[in-house]
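Following: one structure in structure tokens, then a few remarks.
Chain IDs A, B, C and D follow the sequence of writing; residue 1 opens each chain.
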Amino acid sequence: MEILGGPLFAVAGAGESHGPGVSTIVFGCPPGLLLERAAIQHFLDRRRPGSNKHGTPRREADTVLLLSGLYSEDHDTLLDGPQIAITHGDATAGTQSYARGYTTGEPIGALVLSTSQKSGDYSQFAGERGAVRPGHTDLVKHYKSQGYVDVRGGGRSSYRSTISDVVGGSIARLFLNSRFATGILSSIIQVGPLKAQRTLADAVAQFGNAQAGADALAALDVAMAGAEIPALDSAFAAEAAELIKRTRIAGDSLGAVVEVVAVNVPPLLGDPLYQSLKLRLMGALGGLNAVQGVEIGAGFAAAGRTGSANNDPIRSDGYQRNSHGGLIGGITTGMPLVLRVAFKPTSTITLPQQSVRKNLEEIDFALDKGRHDPCVGVRAGVTLESRIAIELMNALLMQQAQNLHTADFQLFPGAE
Amino acid sequence: MEILGGPLFAVAGAGESHGPGVSTIVFGCPPGLLLERAAIQHFLDRRRPGSNKHGTPRREADTVLLLSGLYSEDHDTLLDGPQIAITHGDATAGTQSYARGYTTGEPIGALVLSTSQKSGDYSQFAGERGAVRPGHTDLVKHYKSQGYVDVRGGGRSSYRSTISDVVGGSIARLFLNSRFATGILSSIIQVGPLKAQRTLADAVAQFGNAQAGADALAALDVAMAGAEIPALDSAFAAEAAELIKRTRIAGDSLGAVVEVVAVNVPPLLGDPLYQSLKLRLMGALGGLNAVQGVEIGAGFAAAGRTGSANNDPIRSDGYQRNSHGGLIGGITTGMPLVLRVAFKPTSTITLPQQSVRKNLEEIDFALDKGRHDPCVGVRAGVTLESRIAIELMNALLMQQAQNLHTADFQLFPGAE
Amino acid sequence: MEILGGPLFAVAGAGESHGPGVSTIVFGCPPGLLLERAAIQHFLDRRRPGSNKHGTPRREADTVLLLSGLYSEDHDTLLDGPQIAITHGDATAGTQSYARGYTTGEPIGALVLSTSQKSGDYSQFAGERGAVRPGHTDLVKHYKSQGYVDVRGGGRSSYRSTISDVVGGSIARLFLNSRFATGILSSIIQVGPLKAQRTLADAVAQFGNAQAGADALAALDVAMAGAEIPALDSAFAAEAAELIKRTRIAGDSLGAVVEVVAVNVPPLLGDPLYQSLKLRLMGALGGLNAVQGVEIGAGFAAAGRTGSANNDPIRSDGYQRNSHGGLIGGITTGMPLVLRVAFKPTSTITLPQQSVRKNLEEIDFALDKGRHDPCVGVRAGVTLESRIAIELMNALLMQQAQNLHTADFQLFPGAE
Amino acid sequence: MEILGGPLFAVAGAGESHGPGVSTIVFGCPPGLLLERAAIQHFLDRRRPGSNKHGTPRREADTVLLLSGLYSEDHDTLLDGPQIAITHGDATAGTQSYARGYTTGEPIGALVLSTSQKSGDYSQFAGERGAVRPGHTDLVKHYKSQGYVDVRGGGRSSYRSTISDVVGGSIARLFLNSRFATGILSSIIQVGPLKAQRTLADAVAQFGNAQAGADALAALDVAMAGAEIPALDSAFAAEAAELIKRTRIAGDSLGAVVEVVAVNVPPLLGDPLYQSLKLRLMGALGGLNAVQGVEIGAGFAAAGRTGSANNDPIRSDGYQRNSHGGLIGGITTGMPLVLRVAFKPTSTITLPQQSVRKNLEEIDFALDKGRHDPCVGVRAGVTLESRIAIELMNALLMQQAQNLHTADFQLFPGAE
């Protein structure tokens, strides 16, 4: 099943790169969260191709439609979302989608249509003689599906699938923020050979109590929002932007490292052992397309240390360092989550490469047309943040399930 | 998670009674099934309120939109489904949905909009002083959601949720039919005190080999399609129609029993023990809204028998009787599946009843307005068939997973 | 996966009829339940073959060993369970198992060895020419496993597998009883053509408030514990015992119906829709080996009723009747759960029957040796109760997960 | 649920560090694998504490008992496993466990008793004033379980839990090897600041066709088996052994990096997207206790590269490089899997550290007694290999499920 998170908070997705739209169902948001369509749209806008000039040139509005799971006695506001109309033969019928309501605990359906895709010319990739793009799933998907594969842009393997991640993650982070002032943010720290000097991990280490920490992180979010490259280190960002531009012109692409942090993470989340939050997060981030590595806290650097240097001292007000990165034994300590994720260079380049047709005839591969994002890391941050939010949310509900409050289970208190 | 079937073939649903639409994602259909939107629409039309005169007066076209999971090199046919347009502020954008293509193995997203729902007057049910409809989930859902409940028609607990069952079940039955000539059909055998004399179980016991059996069942399907009450026994159907009419006029409702059968069921499906196909089917049918009982094969009658009368003799050409109803030890034998499902009378009646407000103040309850379906069993058949198809399909894939064919796993056969 | 319940409270089982033992792992019991080995053994003793004279003659002590998931500072009491020793070659090593401790929230491992099984003579059933017992899984399991099947007594399909059901169910019911005074009990109400006049459903309808209801049910449990046939109606029980005896002598077997009830069930449990508690319970009970039908509340009788007769009136102190059987829309109302389960006659009889060898050669089948339980319903009650407890427990945790208590998530309250 | 892998091939575990034993249930091994207890014991012996002189001084035989899921007509061989006896009061009863048989497809139960644990003195860690060991889960588990925590050695969070990983992984790798000649092996490539010059990734890049590759890897396995430090680079191994010894004497510990590879991996495994094999492997390895980072193929180095340097050329005989590490888009390509895993230094050291009691009183923490493994990476390899095997096996069955062979579903071929 195509599901992120779960079993309690889970996000199901469907929709391929160039199909009519991406469907998302979000399960398990508790009742009572005031949810606004605009708040989800905000995060989707950060994910959107074309949201900065280094992204792919495809331009989609990516308007999210909320189709279920909300309610409010104020029907006018509830139903103030975009109108949807379908035309079938001569008949047209329509309805309003949701704009603002309280979650009911029932599943939240969302839809993002793909309204700007061109039918395009995919003949280069079609059939047994279709070309295989190096670094893409073209070849394995052709054989695993016995040839019944969507050749338009990679099907589900496209970055477009992450719309569902972001829709689900947005709901999770809004819930976590409303209940615990949890904040989640990412920053690019490496582009090709260039490395940033300032990191979010350092920044959040300075943050104080709950609300103050959330506020400080939110301020960083605003500060980075205007930047071409969303990095805390602006000198690095400028240099990276220049490098990306040169690389694009050269027909090549670049890898990147993104750091992602969360503050005011509820402590005590994360077992059982075989589904610990560390296992879930390492999988959720490490499994994203184009990711080749993931580390938490001190990460690979911890391998070079002694225990006396790596163990984080504890005082009555908490952990005094954060080599552990927010999780010990796979359970949250309340310290900031700190993870870093390595992205390979975008596989799509215009330089010629050795490849094959799907029937394994050898070819010199060159793209017939257009091109895409030269550094996928640049806009991956919001997806990483979203996946963290989804897993945190699920872990929160899992832990609550083990803390029984019998008073929650009453229906007729007057009954003898 | 709101999921039917699974883990291999599974149907996720979202969407409440009076919301903008019902979203469905179908996971795990293998690649290569030629799927037409019209074939799914056919089954949805059987489910639709207002599809016969005993249903609820609400009239919805229930046009299904296919949004992902299909492909065909013939883009014109692929994209010949209904057009969808969204209007947000001043901007309008749209796309075509799918009409006909091959499944790719990726999830199939579908959407059925609710285009005729009226905003209505739900003030009778709203808030702490809202009335509780006897037999409905109004009271328990109010308390379990801490009041954040959709009071318009029962939310997910509405029969409208079964759109997802039927969408998913349609794909499953089309696959099963294409590979095994499997046929699935239901017939009403009891309405209130009236009982049918002819049953599908008897009919299918006469059917011969695979294709002939499927053809015979299809002929019965066609024969019943025109009937007001979809029952094999036409005399019973006429009498039942008359009784339902009289009961509706009296402001009351009626229970029913529906029999559902499947022929050309692939044998050998159904373990492991704790998730046996019998467990799954009894749950999937017995768990449908308004169902109070379910039985398989000889059912409750088997309790009154001796083993020598109940054990089905076996000869070299198969089982000689079908007391077992198609499953032994929870595993398919290849004999027809035969199940019967008891539905309670529709809870919504116009006769006055003792009830409470949500704050538990006692009231004499009477509906302020309109009314609904006096016998829910009349149009439940296609949902039962769909749930059987979903579970059969999942069990089929589960069993295939245990039969390894190493030759299926090759990529570069020329490699040394 | 061979798992009952879940995802929050779940029971995994392994172990075939005549193998070395039955392994059970119970997941998700919250920390803090005081658990005694003897309390689990009590329920296992009710399940045990040979626990009454109508059961199979096989005699097993079925001593349960608890191997993990408990703790107590009092190590002497904690480790006062049976000693286990293994001998491998010349080496012998051993340990004590647990007797009494608090659950830690970590999984509880349990083992019941099969110490009295005889290696036996299974040549009648072995290989391609092995005989197929009518009504058993012999034939389907042979083909689905490509011949790699355990022919000793049916493997997992044996009633012996229910040891895991009872171990897991015992822990669930002890937890529910400790927190909500929940009580669960079953009674036989039909054996072949004989039907009981007094039922548990009638009895529990008289029970008052929480503790009193639990006490009354416990008293019935004690009253039935001494009976040869565990039925509330002692006249029926005596007549049924006589009938079973006669039938056994005649080489035949009998079906039965068992009623199972639960009182002081926590209300508000049971969504989402597609995994409602009704769906889960109908599956868990209906899916047990030899079960051919299951109904809840008014059951099949509801199909013959009008809505005005079937809807249960509601007053400020609760529901005034229980046609619904404890669940409305798949959600608990706090009224007693009432379900009835139809068992087919035991498939194993000594009368001759038409059957085949596994290679499909026709034979007249007669058992070469021994025989078994002539009425499987007689000792099935504790398994039904256990499966109800498992599903209730899981549903309880699922509902708690949706009721967030932010104060439960604190680690360093002194932190700024 | 405490489960690795799944839903098709899955391993359930139970058992805490100092409890009576570790229970394992392995689900989903297809029927027909010839399984010997000794083959599983071989891998458990590699995992065992005390299996080399750098491990913890605790000595356990870790004899595995197989309790279900096997069968063979040769009962003498089948039942030639260790004898198990239980003593309860005056009664002793026993049985033989399995030694060698064919898998039946039913779950395989296994038990490893903890026969040498000492009741020990855990008073340093018990209760509200119990000391918290830095780097361990003591504090979070105390609060998440409301104090009902096993203080003897960390409960499930102990390395002892990995017994289940290895039992399940052994069965998976035996199956994969028997069907595809798949081989899996690990080697230490970094200990503290020391780094190896020779790696498995380089070695396997030379391996040729299926059987030859498996043979070559097996030879490396044998070569490393005798080494104190299981590393391909013997000079590094010697230096590392010396450093570990010095560090242990100094009361400190060291981190490490382990590389793990697999050859003859079946291609085409690994979707759907949200449960891709990359996601699963990154989680399974990254989630193991003490792991702080995981990377695949080029890993973090890929972030510094251009696409033209990182994309692996394809010719008719396969991929010409392996920057991708065996997975593209989360799907196996048939190239060797190559992953590297960073372990933090063992948290248990004897040098004094700042810590707290569970009631948050500050203390200077020093272990009252004994000590453990100074470099956890040294014996972690077999667990990493096992987790890879479990996920590969599950992915294999998932892919087979999508490739239907209708001829596999026949029972009475002679039936008309």
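Throughout what follows, a contact is a pair of C-beta atoms (placed from the backbone, for glycine too) under 8 Å apart; a residue touches a chain by one contact, two chains touch by 3 or more.
These numbers come from a predicted model, not from an experiment.
Counting steps between touching chains, the shortest path from chain A to chain D takes 1.
In this assembly, B is the chain whose CA centroid lies farthest from the centroid of chain D. Its interface matching that of A-D in over half of the contact pairs by residue number, B-C stands out among A-B, C-D or B-C. The chain pair B-D and the chain pair B-C differ in C-beta contact count, and the higher one is B-C. Centroids built from CA atoms put chain D at 34 Å from chain C. With centres defined as mean CA coordinates, chain D is found 43 Å away from chain B.
Per-chain CA centroids place chain B at a distance of 29 Å from chain C.
Across the assembly, chain C contributes residues 1-3, 7, 13, 27-28, 31, 105-107, 139-140, 143-144, 146, 156, 267-268, 271-272, 316, 333, 360, 399, 402-403, 410-412, 414 that each touch 2 or more other chains. On chain A, the positions that touch chain B within their shared complex are 1-3, 6-7, 10, 12-16, 19-23, 25, 27-28, 31-32, 61, 63, 65-69, 71, 73, 75, 79, 81-88, 91, 93-98, 102-111, 113-117, 119, 126-127, 139-140, 143-146, 148-152, 155-156, 360, 410-412, 414.
Only residues 7-8, 27-28, 30-31, 105-107, 179-180, 208-209, 266-269, 271-272, 316-318, 333-334, 396-406, 408-412, 414-416 of chain D touch chain B when the two sit together in their complex. Chain contact summary for the complex, chain B toward chain C: residues 1-4, 13, 132, 134-137, 139-141, 143-144, 146, 154, 156-157, 161, 190, 192-193, 247, 252-257, 267-268, 271-276, 278-280, 282-289, 291-300, 302-316, 320, 323-325, 328-333, 342-349, 351, 353-356, 360-362, 377, 399, 402-403.
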